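In the two assemblies presented below, subunit A is common to both, partnered first by subunit B and then by subunit C.
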Partner chain A sequence: MPHALRIAGRCALALSLVILFISCRPSSEVASDKVVRVNLGTEPPSLDWSVATDHVSFNVIANLMVGLTEFDRDLKPGPVIARSWDVLEGGKRIVFHLRDDVLWSDGKKVRAQDFEYSWKRLLHPKTASEYAYILFDIVNAEAFHRGKIDDHRLLGVTAKDDRTLEVRLRHPASYFLSITTFEVTYPQRQDIIERYGAKWTEPENIVTNGPFLLASWKHEDEIQLRANPRFFLGRPAIERVDMYMINEKTTALALYEQGRLDFLDNHSIPIFEKPRLVKHEGFRSVPQLRGYYYGFVTDRKPFDDARVRKAFALAIDRTVFPKILHGGEEPATSWIPPGMLAHNVEIGVRYNPAEARRLLREAGYPDGKGFPQVTLGYNTDEDHKIVAEAIQGMWKQNLGVLVRLENQEWKVYLSKLQSDPPHIFRLGWGADFPDPDNFMRLFTSLSGNNNTRWKNRRFDELVDLAAREWNTQKRVQLYNEAQKILCETDLPIIPLFTTAESTLLRPRFAGLEYNSMSRLVLRDVRLKNSQ
Partner chain B sequence: MSRQNEAEEQRRQRGQRALLLLSLAFIAAVTLCGFLAPLLSPYSPAGLQEGRILEGPSWSHWLGTDGLGRDLFTRILYGARVSLTVGIGTALIALIIGSLYGLISGYSGGPLDSLLMRIVDVVYSLPDLLIFILLSLLLGRNIAGVLLALGLVSWVRFARIARGQVLQAKEFVYVEGARAIGASHLRIIMRHILPNIAGPILVTLTFSIPAAILAESTLSFIGLGINDPYSEWGTSWGTLAQDGWRAMRTYPHIILFPGLAIFFTILSFNYLGNGLRDILDPKGK
Partner chain C sequence: MVRFLIKRLLHALVVLWVVASLTFFLLHITPGGPFDRERRLPPEVLANVAAKYHLDEPWWNQYTRYLTGIVQGDLGPSYKYLDRNVRDIVADTLPVSASLGIFALGFSLALSFPVGLIAAYYRNSWTDRFCLFIATLGISVPTFILGALLIWLFSLQLGWFQAGRWGDINSAVLPTATLGAAPAAYLSYLLRSAILDTLGEDFVRTARAKGLKETTVLFKHALSNSLIPVLTVLGPLTAGLVTGSFVVEYVFAIPGMGRFFITAVTDRDYPLIMGVTLVYTALLVGANLLVDLLYSFFDPRIKAQ
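Showing the complex of A and B:
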């Protein structure tokens, strides 16, 4: 009976897929005491910190390397390789004084020249780094990146000697120190990169200076880090970190519960399991500097009308999100996230269905009548789907407008946002460095990541003024005004909530936490009984 | 045949008939419930109830609620429309394309037959799931797109069966007789061949429906199925199951009930097919 056979065949296929899922697990060796096993979720696209753009890559790099500064608990940049720094000429010149005792993994000392080389490499047009713009405040950086200047000696970054790095800026940039906490500004070894080319990040070639060394990298499978005995802040308490690449949340959770993984994060915990896992001893929820928003494409009907955009924003009840996502999300009406300078809960529009209906009527669509067919896009993911369906329901109920949902895989979705964006799109933004400039500059006219096509000269001006202002109070005022344009009058976006990272750590360990910038910091992990 | 064997055979037949009737009744009930869903359930398939998220079965929500507090029973009722429409619609599309194709191929014979059958061989050898995925991406993720995508893949089975039956029927004496007295091709096909091959094709049709339901569920499960909770059509069972599988360990009801709906419906269609074959095509047993 061929039909029955085919059905049986399909069942067999499904079964074998399940078995395949289950068998895609880390090798079943017994964990030694001082090994922490974490799940990265996917293969890091690049371990070259001039090229990497995603948090999976940065989560590995952040444990291999240290830079000039890192931020403390209050998100202020504190010294690491830089012993101290002088801010001169009203903030236009910054001189970093480097420590003398930081070693590369091959025994050489970390020098100011390594920073100069790395920053110039980041800016070089050939590197084609997506993060080159982060250093555009440096004199001639933008022209160099665009190929208008060939001579790298004209750039405003110079190693005066082995221990002194001088940075000259086009204008005072109050957030520049924060930028030096970001992985893309970490030093690099010219000799290594020139010798090995694109293969310099392979474990047999790479030279690093951080708490861990890259011991092995089985692509699409596993990365192993080994404690760096020569790390200048002291050897980490654990010997080894195994980083797996299991992209199925359910599988990762099952592995944790079988004792084959020691640490899970949002990429490894299915949302519906969170209410159960909250009760576990090792569960933490860490608020992130990461905003989740819906953007409108503002140069097309019907969202070229600010009243329509505001009506859609007023019709969303944000209190629902923590209830359906179960992960400690914080509803947000304004854009700069809590924990960052100039965060202001007062700004933004709140749930008001009556006012929403009034505005929609005023814009010519009473009770949603005559409203054109619009599409809400998101990248395929269960969290985004559940949020989209909830909001679709609120708009239907409060405005009488039924939006269509459409989802694509992340890469397809990103390219679609450029070529043929849906009327409303979902995106998130995580802080690269903990300064409001990083969040607000996103929606300026020149930002490559501003998918709303919204341009507001006053907003651009305010963001620029705030960037040059060293007085904190004045900066906050400028950002308040800019946020009011963004979240109250013009509303090219609807901020929805700031996310939290849920993590689960096997209770025999302590000290492993995400920081608020979504970085996995393994340096301080230790066994609980060996304090 | 001994009397004992006869009695056993009768019992067996009675049992089969009961199963057939039960299956028919189940299919009728599911169809009816699906299309009368708005009358049967006080809830909307899309109604968000933030206070009742992820509840287990209770008096007010017979099958519990999902991650947005939507009533699962209501969603399954609405889902029945999608899954049954996809099942029956796909099978019909396949039936029309496949039977015509097989009829032409078998009746014409010769090199045309060989050519047409080689094409069928090629289509048959393509991996179904891959073609579903490609076509459903091309045709869009709505009910029409999925119907067409599945229909365009599953017609080959009908083509083969129809051709085989036509080849047999062509050789029957009465067809030869009809040809001898000068009946037209159309008349021969319509009056003499079609009635003779209808039985096996109908049986194939009954087996195609559950296969299509399963295929749509598979598509939904990998995230390419029908999901439009606010349209009249709603969300298919496969998508409901997909929603639930990550919650399987803590909230098993979200995947269990849609899964059971798929399971019993497919089982019923298979029993129905078996029963029909016994009646219409006793030789093919």
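Showing the complex of A and C:
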């Protein structure tokens, strides 16, 4: 059947020629010097900073916008649009004085009214912002959000004039300035939002005030930012930022190695490649304000006994985590993370198997005998499994207790934490704003995120006192005492480690910062040989 | 013919309604909600979010609202992508998935016809065994392994093709090959066995006895009469390919619709899950209808029935 073969052969030849033709195209784009290409990982769910909730969206927004303040290297709020501020009436009234030279991308000046509108929009029930509660310290904010008050003029945020924003709080809140670093408090233009509705964040409509402008947004694929020539702190050194949405880590790394990407982070670096990439010139590990912990359900046997909880905490050797996870994790015995005010390495219980066994014996379980079957729950993820198995081994070896592991899909796990939680559960917590209140309030009696069902009146009192205290030294003392209750005496949780972000930047660039709040800051990126 | 078409269209509407309803109810009994977060929302915030999306209403209200929306062409807002609605998302991503799917379909057809023909003609020879071996490999190697292998070989080692993203022809080659490999292998198998069956038929023997050229026998008589089983699978195959593949779109960072079949479920983005499921069902039903019509074109006996 030579004819059929000939036809088949011709098809194969044609296919080969097509492949050859296509493959002869240059294999890597020659990137312009002033373009930096980063991987976002996924499509940002929203670029409306009143409703955005995730770090991908905030990573774009943080380069399009600036707010009243931003935190400095010591994680203290420093002035940006707010030139200065006065803290009055014992901290219950804060008056922000705004700069006169900050422009929106359409040339109009940023005014105090833009903040007032944005904050009221965040709190409005119809906006249904998941972060509305962040401003509940403002007078009448919670009632307005609940719909009990309709008149927005009763809210404690008022633009006194174009340059003066007055905020009245229900009680003194020393962390409030830190809240103003958070993207959800950035100003917004009422005229733009009302004109374009839900489509106001599209490139042709959006108006911003930050170092970059939104040039294009190809959904699920790419966002392009362009340097803002009117940015009041000076035009960025790079002309353009291309933000890709590549989910698969190995693909992102392959594109980096092909010269098609300039920056990768944890969402783009496969864990098994880290040992190799650590040796690259542009590799960095940036500690994050994010804690990883195991919690006990404290109203159920056997973890209703603090001695049992402490024994379990004492039986964990935290030094293994960086070795098994390879992510630059920092072992932690206390809850407030490194870099944050009141972080204290002295607080917490350290690895001590003998003491752990003694406490367990004292609680009625010598060498784990008679200990009921307990379950450790975590959401399905390779890293969580590695940690859980390591800890399961330590508890078996040091306490003689075999804990059952149970993993579930993320949303199922979260729903089960409320309805039928396992005895021990895994969770993490990342800072919304860099203040210890954001971490410590998590375990107060009224916190909706306190899954441990643990209540301690003194702990609650200390957290409230620290929130109202403006003297830094006194705040640290209060948090020290609270952390001792949380991590030494009562131990409703076992802090395990704080996480780190691994980043890889092409060595010809400098100045790209991945800060401890997981934000990609691009405005100072420059080529290494340029000033 | 018109009666047949009307009947099939009515069937299609019933299928769509059943699928839409099943998806709706299955989603609402699945544990975990769209706004369950590591950072649990305060009750008053959650109440406002639920009110915005009518999740605070009884299920029958939600169900009728959903069905009414579908009839009006409104698939609702996405719970995850807050600035967009499901119709926008499908409109943005389906064309990309469809392009990739059509490329992959073309690739698999271009590959399977010569392979199937050669394997059938040289049955039980080394050529046949080699073709079968390659086809078995194509079917059994998982897509994510094949994708990773192709990236490693053609992008990282040889530097011929872009490792990911979608845009030009160069970037389309590897995902097309990855997505098209399994259908190509499957179609080759199918075609080989169909041609083998046909070659044993009396009319082929008659054709040969009449002294027709072997190529005429093979192409005109054997091949055209072996197309029915291929057509049968081509309908669902096309629908599957043009609505996108989660794995291929994920591995090659392609902005298509396929990824939502998984990510929308993990996000519990109810409207998006229901939207992509409905689009897939509609395409599947449409493709099967088209295949039924093509049957009569390729095989007059079916038309007669």
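The working rule: the second predicted complex is superposed on the first by the 496 of 531 C-alpha atoms of A that agree within 3 Å, B and C clash if a C-alpha of one lies under 4 Å from a C-alpha of the other, contacts with A are read in each partner's own complex, and residues count from 1 in each chain.
Convention: a residue touches a chain if its C-beta (ideal position, glycine included) is under 8 Å from a C-beta of that chain, and two chains touch if they have at least 3 such contacts.
Quick caveat, the model's predicted, so the values are computed rather than measured.
Looking at A:146, would you say it contacts subunit B, subunit C, both, or neither? Reply first, second, both or neither.
Only subunit C is touched by A:146; subunit B is not.
So which one touches more of the residues on subunit A, subunit B or subunit C?
Counting residues of subunit A touched by each partner, the higher count goes to C.
State whether A:47 touches subunit B only (first), subunit C only (second), both chains, or neither.
In the superposition, A:47 contacts subunit C only.
Please work out whether A:323 is in contact with subunit B alone, subunit C alone, both, or neither, and reply first, second, both or neither.
A:323: touches subunit B, not subunit C.
Considering only touches as defined above, state whether A:249 meets subunit B (first), subunit C (second), both or neither.
In the superposition, A:249 contacts subunit B only.
After the superposition on A, what does A:218 contact: first (subunit B), second (subunit C), both or neither?
second
I'd like to know which partner A:271 touches here: subunit B for first, subunit C for second, both or neither.
Only subunit B; A:271 stays clear of subunit C.
Give me the intersection of subunit A's contacts with subunit B and its contacts with subunit C, in residue numbers.
Correct list for subunit A: 3-4, 7, 250.
Using the touch definition up top, name the residues of subunit A that touch subunit C in the complex.
Spelled out, the residues of subunit A in touch with subunit C are 1, 3-5, 7-8, 11-12, 15, 19, 22-23, 25, 27-28, 43, 45-48, 51-53, 125-130, 132-133, 142, 145-146, 198-199, 201-202, 218-222, 244-248, 250-252, 254-255, 257-258, 260, 409-416, 418, 427-429, 448-449.
Taking the complex as given, what residues does subunit B use to touch subunit A?
46-48, 50, 53-54, 67-68, 157, 204, 207-208, 210-211, 214, 218, 223, 227-230, 243, 245-251, 254, 270, 273
Can you list the residues on subunit C that touch subunit A in the complex?
Per the stated touch rule, the residues are 31-33, 35-45, 48-49, 51-53, 80-84, 89, 92-93, 110-111, 113-115, 117-118, 121-122, 148, 151-152, 154-156, 158-166, 168-170, 173, 213-215, 218-219, 250-253, 255-256, 259, 266, 268.
Any idea which subunit A residues touch subunit B in the complex?
2-4, 6-7, 10, 14, 249-250, 270-273, 275-276, 319-320, 323-324, 380, 382, 386, 389-390, 392-394, 396, 402, 404-405, 407
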